[in-house]
Amino acid sequence: MRKLLTSTGMLVALMSPAHAEATKIGVITTLSGPAGYLGEQIRDGLTLGLQATGAEFELVVEDDARDPNTGVQVADRMLNEEGIKLLTGIVFSNVSGAVVPETLDAGAIYVSPNAAPSGLAGAKCHPNYFVVSWQNDSLHEASGAAAKKLGYTTAVALAPNYQAGKDAIAGFSREFGGTVTEIYTGVEQSDFAGEMAQIRNAAPQVVFQFHPGGQGIAFLKQYQQAGLLGSVPMVLSEPSYDGVILKAVGPAAVGLTGTTHWNDDFDNAASKAMVAEWAAAFPTTPLTTYAQQAYDTGLLIGGALNKVGGEDIEALQAALKAADFASTRGSFAFGANQHPVQDWYLTSIEADEAGNPKIVTKEKILEAVGDVYAADCKM
Amino acid sequence: MNHVLEIAGLTKTFGGLTATDNVSLTVNAGEIHALIGPNGAGKSTLINQICGELMPNAGHIHLAGRDITRLPPAERVALGLGRTFQITSLLDDMTVRENLALAVQAREGGNFRIFDRAANRAEVWDEVAEILAASALGPRAGVTVADLAHGEKKQLELLMALSQRPRLLLLDEPMAGLGHLESQQMIDALLAARGDCAMLLVEHDMDAVFALADRVTVLVYGRVIAAGNADEIRANPAVRDAYLGEEDT
Amino acid sequence: MILLIEQLLNGLQYGVTLFLLAAGLTLIFGIMGVINLAHGALYMVGAFAGAWVSIQTGSFWAGLLAGLVASAIAGVLVELGVMRRLYARDHLDQVLATFALILIFNQSTVLIFGRQPLFTSLPEMFSGSVEIVPGLPYPSYRLFVIAVGLAVAFGLYLLINKTRIGMLVRAGASNRQMVRALGVNIGGLYTAVFGLGALLAGLAGVMASPIMSVQVGMGDEIILATFVVVVIGGVGSVKGAFVAGIVLGMCDTMLRAFLPGLLQQVMPGSEAQALGVGISSMGIYLMMAIILLVRPRGLFAAQG
Amino acid sequence: MKREYLILATVFLLLALVPFLAAATGQTSWTRLVGQALIYGMAAASLNFILGYGGMISFGHAAFFGIGGYVVGIMYHHFDAGTSFLGVIPGTDQMLITLPAAVLVAGLAAALVGAMSLRTGGVQFIMITLAFAQMFFFLFISLKTYGGEDGIMVRRTNALPGLDMRNRDTLYWVVLCFAAAYYLFLRRLVQSSFGQIIAGIRQNERRMASMGISTFRYKLYAFILSGMGAGLAGALMVNFLRFASPDMMHWTRSGEFMIMVILGGVGTLAGPFIGAGVLFTVETTLARYTEHWMLPVGILLLVVVLTSKGGLMALIRKLTGGQK
């Protein structure tokens, strides 16, 4: 309950005009429904990131309910009525698929803190469209590279039977190079006992699985309960082991290997500052990569606003493109399609003093990689 | 062949219970044939098999010489089968006039005209007006069926069934629940319609049965125990025992 | 062979979970004639209350008790406050009202517990696994779930077939007017049945909480499968709910486990995988469609 | 009668003025809001034809909405990529082709679903329509070519000769005209002989069958007509939103259509449109003030259903003295 009060209290404070010349930033994100915690992370991370730059800003936050129709409706009002020229915040690619074209057609800028559908990454790339998080495929390629590097040659890869799931397995397999047994799970499946039996039966050297949110929580719990945690190592890409998932899973996560573009033990000033700011503002909520991506988005936007202000869209676009900010992930640059070119790290999940899982960064496995779609982008 | 309806060896069982047991009977053109029997004798089951709502386990049903045993209900209607229900079954939200109009319209097997205006089909409404003018329901034409009295509903059911000009009309207890006066009206209406079509009448009201029926078949425990004209039935000792006798005690 | 046994157990465990939810739903459906879309919300209430109390107390059993109590109370309140006014209405009004209840329950849960999923651990005594046949360690908690489900099924059987309340319930499911004619306190019976249904849903929720993710909206996902079970089993039939729940749980698990493999015999691997899972996701719906085409009122229809 | 025409003409005129009013007050997003509500209203009205007039409670109506939408999306996708659907049918961005195609395909799907579902009734019918819709949902979510769960972007609204469809206000008026035409179509439909028979079947199917009406065929035709209407609405929605995704056919969307119908008034012509408009406006407005908007919406729906019978239309009728 206390948590709720602080976060809404903060929202109200932010939504009231802070300064006369503050630039309005529209945040369309998913706050209702089971995925609501992702939107919460993004909203709060973005706020902290922007505050860290000292830019004058005013956030207009609205829920998209994970529904493209609602998203476009909100975007329309922000763009055309409130005259907002800079939008961000969307969690899910089905919403951004509808909202981004709308935004670009209105001559405004969209900076994505998370969703990066491949449809907007290649031939349909746009100067006013930036992605600060990652392109979907790279997430899983990193996991494939990690599994390879760890010396495994046979793997079972599991993901939900929709497009992002298939991309995940494809991405993993591409970099892994060994034998991969693919298992697709149901889109709304929450009991994976059958899959556990199949994994045990296949007896691979390593398991890769991609299940974000509640599915991931269920999967990890059941992996441990099936007694597989100790016997078959697991490599995860970052959406499957964010801080919220780990907190809900508890000790069942200890011993897993993950790949990520950022972790809270990164040794750079920006990351340290963010971790401290987050702990002060939200002591009981874990800091996830969603919030970190949004924080970076905040740094990027805030930096650009400080340089050129929010009036001149062309200048703002150029300032954003320069990506002249100290990212929490260390090195960061935009590729040809204005998606990140960044490093990927291997992490392992270990127990802290209380026995709860904590993510520890081990080594860099991929350096300065972009995505496969950048080649198709002619800007 | 003079039989409008011919039933031969009709048998229907529910689990262990035999509801109709090898029933045979015929209805001639223009005749009123009454089917009587105590409660649970299988009269309604028989009616429902003739209508096609139930499928018999064995036996045949011929309507005007055609085997209809396996036909779906709608096709039987197209061949000239009409019915009324034991518990009145009408379109409660519509007026008397609209109910009749649908019946008239349905006579041609309905239609799929999605762009005409039902309200503008003069030939239908003219016929409805004609039917109503000749009936006691005339003044009630604009009343919603839900607001009609029980006797009026029974009357309307009969009118709807007759407006379809059936060859054979199945009447499932048309007098049920009617007062004396209403019963007399119903008997008059049926007598007036006699000759237009043959009727198979299921009825408990013996006065009505003997006033109307040309022939009577008695059904007990799913079996035909007697058949003949009114006088023969009245005199039949088996019928007296099984059925009429009971009523006396 | 070992794989088959394990999958059968998994199917059984999913099946009893579906049964716990479907038993209450089918009774409510059959006796009161109410389509209760919010039944899944009661499952969520049970899971959240159970998880929260077990976090606070550190005891799974305290959580179990809390989950049962909370869901039963929620059920009784819903019955007294909302359902009671809807019995005489048609299905559409019930759909609208219970949909509204889902929104209210979900959002209230967010307000009370926040949006983050809750963490619960297994009860200490069931945290290990049991070697049922050599080479097959099976989580003992899942065996516990199966045992609880079967025990509840047996208890319901006794309740419905051997007690006066059960007689009324059976009568009510096959003929609603009859119970009224018996001069029974209908209001009390309805509240009791609704409360019992909610309790069972809450039990399913608590039992699922250490395995699944305890999060807002968790009930909306399982409610569809539950309705499928109710309809296949025959509205109002607890026996039908049991049989359909087990059959569906088994089929769902078996299809997922073995269909892709079978398809791989005739087509390339990844396509077979995708198609296999696609078909298994549709599996329960496909099954319902087929069963209803053959038996339009379900397997064990209580109403004639 | 005269009065009804007068009201209809007034409402149409007011709706036609929405873009000007929106521009005058600076609240330009109202044009889109009303446009979306009109399209949802069409979908709800198509559902209402079988649900309110025909007594068939379909819980899978969003499937036809989504299929209609995907026809536009898929045709645009092939037009954009210069390829052909199944290697045979070339893509297009011409609304005069895409809309009829959407209506046709949705009708075919409805024929398939209806032919199987209508063998059952009651609760079983509700569930079996839901089951078919779920199958379509899972089908589209796994179609990689068409974006899977991410959906398909339709970068440009379909072209209509002589009109600048990129202009939002033009698009809005096109939608308004379709909605008005659809309203008049439904009005005609329920008053037709066919509509009377459908109404008869709702009230007493046994009676209709005993009069020789093959009720199954009538119900099937009604179901197909209704599916076609939903397909048209879906096709318009994709043009309006320039995006098609499996969300369009999720079961909660079917539920939403049903709620619009019930909220507005079952078995009334204007009800579904009013229901869609009110629900959509209330949701959007509340969402601006609180992210917990679902709570007040839920309470509001509950209050409406508990206190009124027959939805908002019944309320309107009460207020206007029992007249239509």
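The chains carry the letters A, B, C and D, assigned in the order they are written, with residues numbered from 1 in each.
The rule is simple: contacts are C-beta pairs under 8 Å (C-beta built on N, C-alpha and C of every residue); 3 or more make two chains touch, one makes a residue touch a chain.
All values derive from a computational prediction rather than experimental measurement.
Fewest steps needed to get from subunit B to subunit C, stepping only to touching chains, is 2. Steps from subunit A to subunit D, minimised over paths through touching chains, total 1.
C-beta contact counts were set side by side for A-C and B-D; A-C has more. Among the other chains, the CA centroid farthest from that of subunit B is the one of A.
Subunit B has its Cα centroid 73 Å from the Cα centroid of subunit A. Separating the centre of subunit A from that of subunit C, both taken as means of CA atoms, is a distance of 34 Å. Each chain gets a centre from the mean of its Cα atoms; for subunit B and subunit D, those two points are 43 Å apart. Chain geometry summary: the mean Cα position of subunit C and that of subunit D are 32 Å apart. Contact of a single residue of subunit C with at least two other chains is seen at positions 106-107, 110-111, 274, 278, 281. Shared contact sites, meaning residues of subunit A that touch two or more other chains, fall at 31-32, 161, 166, 187. Within subunit B, no positions touching two or more other chains are listed. By the contact rule set out at the top, the touching chain pairs are A-C, A-D, B-D, C-D. By the touch criterion given at the top, residues 29, 35, 37, 82, 85-86, 89, 91-93, 95-97, 99-104, 106-108, 110-111, 220, 224, 227-228, 231, 235, 274, 278, 281-282, 285-286, 288-289, 292-293, 296-298 of subunit C touch subunit D in their complex.
Across the complex, subunit C meets subunit A through its residues 2-3, 6-7, 10-11, 13-14, 17, 106-107, 110-112, 114-119, 121-122, 129, 137, 139, 141-142, 210-218, 221-222, 253, 256-257, 260, 269-270, 273-274, 276-278, 280-281. Interface of subunit A with subunit D (complex): residues 31-32, 61-63, 65-70, 72-74, 76-77, 80-81, 93-94, 97-98, 101-102, 117-120, 124, 161-164, 166, 187. Across the complex, subunit A meets subunit C through its residues 1, 3-4, 31-34, 36-37, 40, 161, 166, 169, 182-191, 193-195, 197-198, 200-201, 213-218, 221-222, 225-227, 244-245, 247-251, 285.
Of all the residues in subunit D, the ones that touch subunit B in their complex are 188-189, 191-197, 199-200, 203-204, 206-215, 218, 221, 225.
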